[in-house]
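Okay, got some structures for you below.
Note that chain A is present in both complexes that follow, paired respectively with chain B and with chain C.
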Partner chain A sequence: MSKYYGIFKMQFKGELQYRAKALSGIATQFFWGLMYIYLYTAFMSSSSVDGFTLSQMASYIWLGQSFFALRYMGMPKHASDEIVNGNVCYKFIRPINIYNQWYFEYLGEKLAATLLRFFPIIVISVLLPTNYGLSMAVSGSAFILFLISLFIGGMLCVSISMFSVYLTFVTQSPKGSAAVISTIAGLLGGSLIPIPLMPSSIQYALNFLPFRYISDLPFRIYIGNIGINDALIQIGISILWLAITILLGQLLIRKSLKKTVIQGG
Partner chain B sequence: MLYNKYFKMHMKSSFEYRFNMFLISFSQVFICIAEILAVWLLFQRFETVGSWGFYESLLMLGIIYTVYSITECFARGYDEFAKLIKSGEFDRLLIRPVNIHYQIFGSRIEMSKASRIILGIVVSIIALVQIGVDWTVWKVLVLISTYLCGCLVILGLFIIGAGISIYTIENLEFVNIITNGCKELSYYPINIYNKWLARFFTFIIPLACFNYLPVSFIVGNPATIPWLCAISPLLGGLFIIPCLIFFNLSIKRYQSTGT
Partner chain C sequence: MTKIIEFSDICKQFKVPEKQKGKWSFLKNFFNRKCKIIKALNNVSFDIEEGDIVGYIGPNGAGKSTTIKIMSGILTPTSGTCAINGYTPWKNRKEYVKNIGVVFGQRSQLWWDVPIIDSFELLKDIYKIPNQEYENTLTLLKEKLHIEDLLNRPLRQLSLGQKMKCELAGSLLHRPKILFLDEPTIGLDAITKLAVRDFIKYINKEWNTTIILTTHDMSDIEALTNKIILIGKGQILYNGSFETIKEKYSHQKIITVELAHEYDEMSLDGYEIISHEKNYVTLKNLSDTTFHAKDFINDISKKYEIVDFSVDSLSVDEILARLYSEYELQEK
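Moving on, here comes the complex of A and B:
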């Protein structure tokens, strides 16, 4: 375990170096958060939609902007670079599980990027007037469950991202596969539009897919759109999804590693 | 003609990696369809936003996709200008006896965007048919000028980004924010946003001039002044002039990175 902690820590420190990049990222997130709130306020027109109020919507958007880095499903860059340029062969000689190594590298990158970014957005958005700003969590226990489910969500996001690493093995090109997976996850996970604003039949169907457990679940626990009891059950489901996606990812990567041909160089 | 040669060269190089090009084209169309789906889901739930229905938004989306992809396809050189600066390749362009803009246009042509241009046009046509516009000659002219204005404004943004990277060497994220972000939020009527934001995107960066205003004229939105909307694309197209002036002034200040 300590070696994975080492990998994690290295990525984490590396990511902390890029402060200017983080700063411009924060400004962007803030600006677009505001735009989205205007947009959905215009759509909702009445003050609440099936119990989803304007102030809950604003909080949902701000949480999404603050934890953007955690829920954004990108391509694990290290892994895909290594596959394309052939450096993956060095991984073969190390006595570590390759999947785990890539997994913790990407998780470290994600957590560092999140920790750098989330705080300023939270502080500014709390100061905004009601219906435009971020409100407090509905209760202490909701807040604790929010933190737990958010962490599981981040891990789930990484484990689903790992499928694009597998697709890179298959297609030899990281460009298409990551975009497709991140779009599917964006649409079905509520980062393109918040899930509570979708038609109710679709909301129901999305419960059976893993994507909404990444960020939609924690955010809705925080704003009180999902009660404590439901939250506990759904956190259980998200842990199940985490286990399934990791196992499947391990299997697929192991399978494709067996077939890997390194072309000298 | 020289541009023909550039064009053929890029065509050949992208067809060398046919599978890759196919994959990128496919994923781009896929992303667009997902975005359209998201807009559709919102309208499915709420039906209208202001006086705007789904097909009016779809028309704006079609216009934005088309003009953005056309510009990305042919003017990608400006978008990736920082790379030219960083690698020192820009010095080579400067010593050639051909106009610098001509060479930048020739430096990148991205065939993989073609799929999105087609998608944008198809989406625009579907939306126009569904809205059921009663066509006049003026409306056709306004529609055409809308597409032209859109290309010019996006090109202008790319050129500003390129101009800035002469000073900063790095590609600044904020240009991407404006171009990409506007893409995402300009499917909806601009008057639903804050007054100052709406003014910013009408008078400073004239995004509204190639979506909300001309589309209002075409669908007959009663909330706007028709003749002003009709000429808005012509005014918006002027945006390119200050952008070019800025770029040409920046080039005079250019110091090579020495690599």
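Moving on, here comes the complex of A and C:
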């Protein structure tokens, strides 16, 4: 395990080198948060939609902005860079599973970025007036389940992102696959439109896809939109998705590594 | 001496899309891609003994890097067998790589934006190196490569030579039994080059590390290795001691002559004129003859009036160029 901890620590140190990046991230997230809240307040002219209140909506948005780095499905940059420039050859000569290396690199990068950004956004959003700011979690047990499901959601986000690494192997271009996956995941995972605001048939359908277990589930547990019993069941489902996506990812990466040709030099 | 690397009948083929030519070719290529098969390695076999430093040389595109990649487990060959240190590199990858170190001169294995020492610490975790052993190795590497002051700086701030020294150190932290160096002195200045060479020799002597080295710098080969494997167009052309090759060409000399005055046309039996400018002429004896200074003076002074002359042996680069063209390797 110490090697994975080492990889994780390395990403953390790398992330700490760039303070301006973290500061600008905070500013951007704050701006987006306010914009989303004004937007959805305008749409939700009545004070609640199917039991989803304005103050719950505001909390949902602020959590999304605070933990943006953890839930945003981007491209594992290290992995895709290495595939395109050929440095992936150094991954081959380490006594360690290549998928796991990339997985922990990206998870470390995400956690580091999150830890550097979330606190200021939380503090400012708590201070905003009700219906615009972040409220407290509905209960202590909801808060604990929120933390657990948030961490699982982060891991799930990484394991789904790993499919774009596979697509990079196939297409040799990280940009296209990242754009496709991040848009699909953003829409189906509730980070563009909060899932409680969607029609109930779509909400039902989204339960059968992995994307909403990344951030929608933890945020709705926090605001009390999902009860404790339902939360436990859904956390179980998210663990199942995590296992499925990791296994599938391992298989696909192993398959494409066998066919890899490292050119030049 | 025990054989540490046994490479037998290795073939590697690549499928390369073939571009069609013509006005609408870009569309044709888009819809209908034709592939052709390129043989990068063709029945390559050789053995390397433990503790050897072997120079693996050949012109660009001969298959050097492909061989190194197969030996380090990065590529799977199309056919053939290979046993290195008792393992098949591409089958028992995780077990096998614990005992090898690889430096690709044009790539980096260290992390870009953290201090070098952090990269080393992570390599220590990845290879599960015990603390004491890691400290000892690191102290030795710091002293021999003079990298003490570099360790707290991130890789992106280092110069090419500093980077190379750190890369070498990084590949040796786990004290591998076999070290593959793919053009380790590319782009280095004279002092750094000498330091890197001395270090390679030291590691070979002290740790009995087997070293396989590819390079285009023939002075590397002269300074480091006594055995060379010459590869061209995917086939082994020569495998043996470097001295033998040098001796093969030792009868060939390059003679530069200063003449008393300019001659319009010059020729001399048994010699080939390489260049002729004003009153200087450069000749070499034909390859089936042996050079004798006394005969040469007799022959040339009968026809021309000479002031001075100097005799040089072929340089290693010239020998190599000669070898390549003998096997018709240079692309025309």
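Details
Keep in mind that, in the parts below, the second predicted complex is superposed on the first by the 265 of 265 C-alpha atoms of A that agree within 3 Å, B and C clash if a C-alpha of one lies under 4 Å from a C-alpha of the other, contacts with A are read in each partner's own complex, and residues count from 1 in each chain.
FYI, contacts are C-beta pairs under 8 Å (C-beta built on N, C-alpha and C of every residue); 3 or more make two chains touch, one makes a residue touch a chain.
Bear in mind the structure is a predicted one, so any value in this text is a computation, not a measurement.
Partners chain B and chain C fit side by side in the overlay (superposition on chain A).
Within the superposed three-chain model, A:Phe151 lies out of touch with both chain B and chain C [touch as defined at top].
By the document's definition of touching, neither partner reaches A:Tyr204: not chain B, not chain C. Applying the stated contact rule after C-alpha superposition, one finds that A:Met44 touches chain B and leaves chain C untouched. In the overlay built on the shared chain, the residue A:Arg94 is in contact with chain C alone; chain B does not reach it. Of the two partner chains placed by the overlay, only chain B lies in contact with A:Leu187; chain C stays clear of it. In the superposed pair of complexes, A:Met10 makes contact with chain C only, with no contact to chain B. By the touch criterion stated above, A:Phe119 is placed in contact with neither chain B nor chain C. With chain A used as the common frame, the shortest Cα distance separating chain B from chain C works out to 8 Å.
Shared contact residues of chain A with chain B and chain C: none. Contact residues on chain A toward chain B in their complex (touch as defined above): 21, 24-25, 27-28, 31-32, 34-36, 38-39, 42-45, 49, 171, 173, 175-177, 179-180, 183-184, 186-187, 192-193, 197-199, 202. Interface residues of chain A, counted against chain C in their complex, comprise 2-3, 5-7, 9-10, 13-14, 17-18, 85-87, 89-90, 92-97, 258, 260-262, 264-265. Chain contact summary for the complex, chain B toward chain A: residues 19-20, 23-24, 26-28, 30-31, 34-35, 37-38, 41-42, 44-46, 49-50, 172-174, 177, 181, 185, 188, 192-194, 197. The residues of chain C lying in touch with chain A in their complex are 14, 65, 69, 72-76, 93-95, 97-98, 100, 102, 104-109, 111-114, 118-119, 121-122, 124-128, 154, 182-183.
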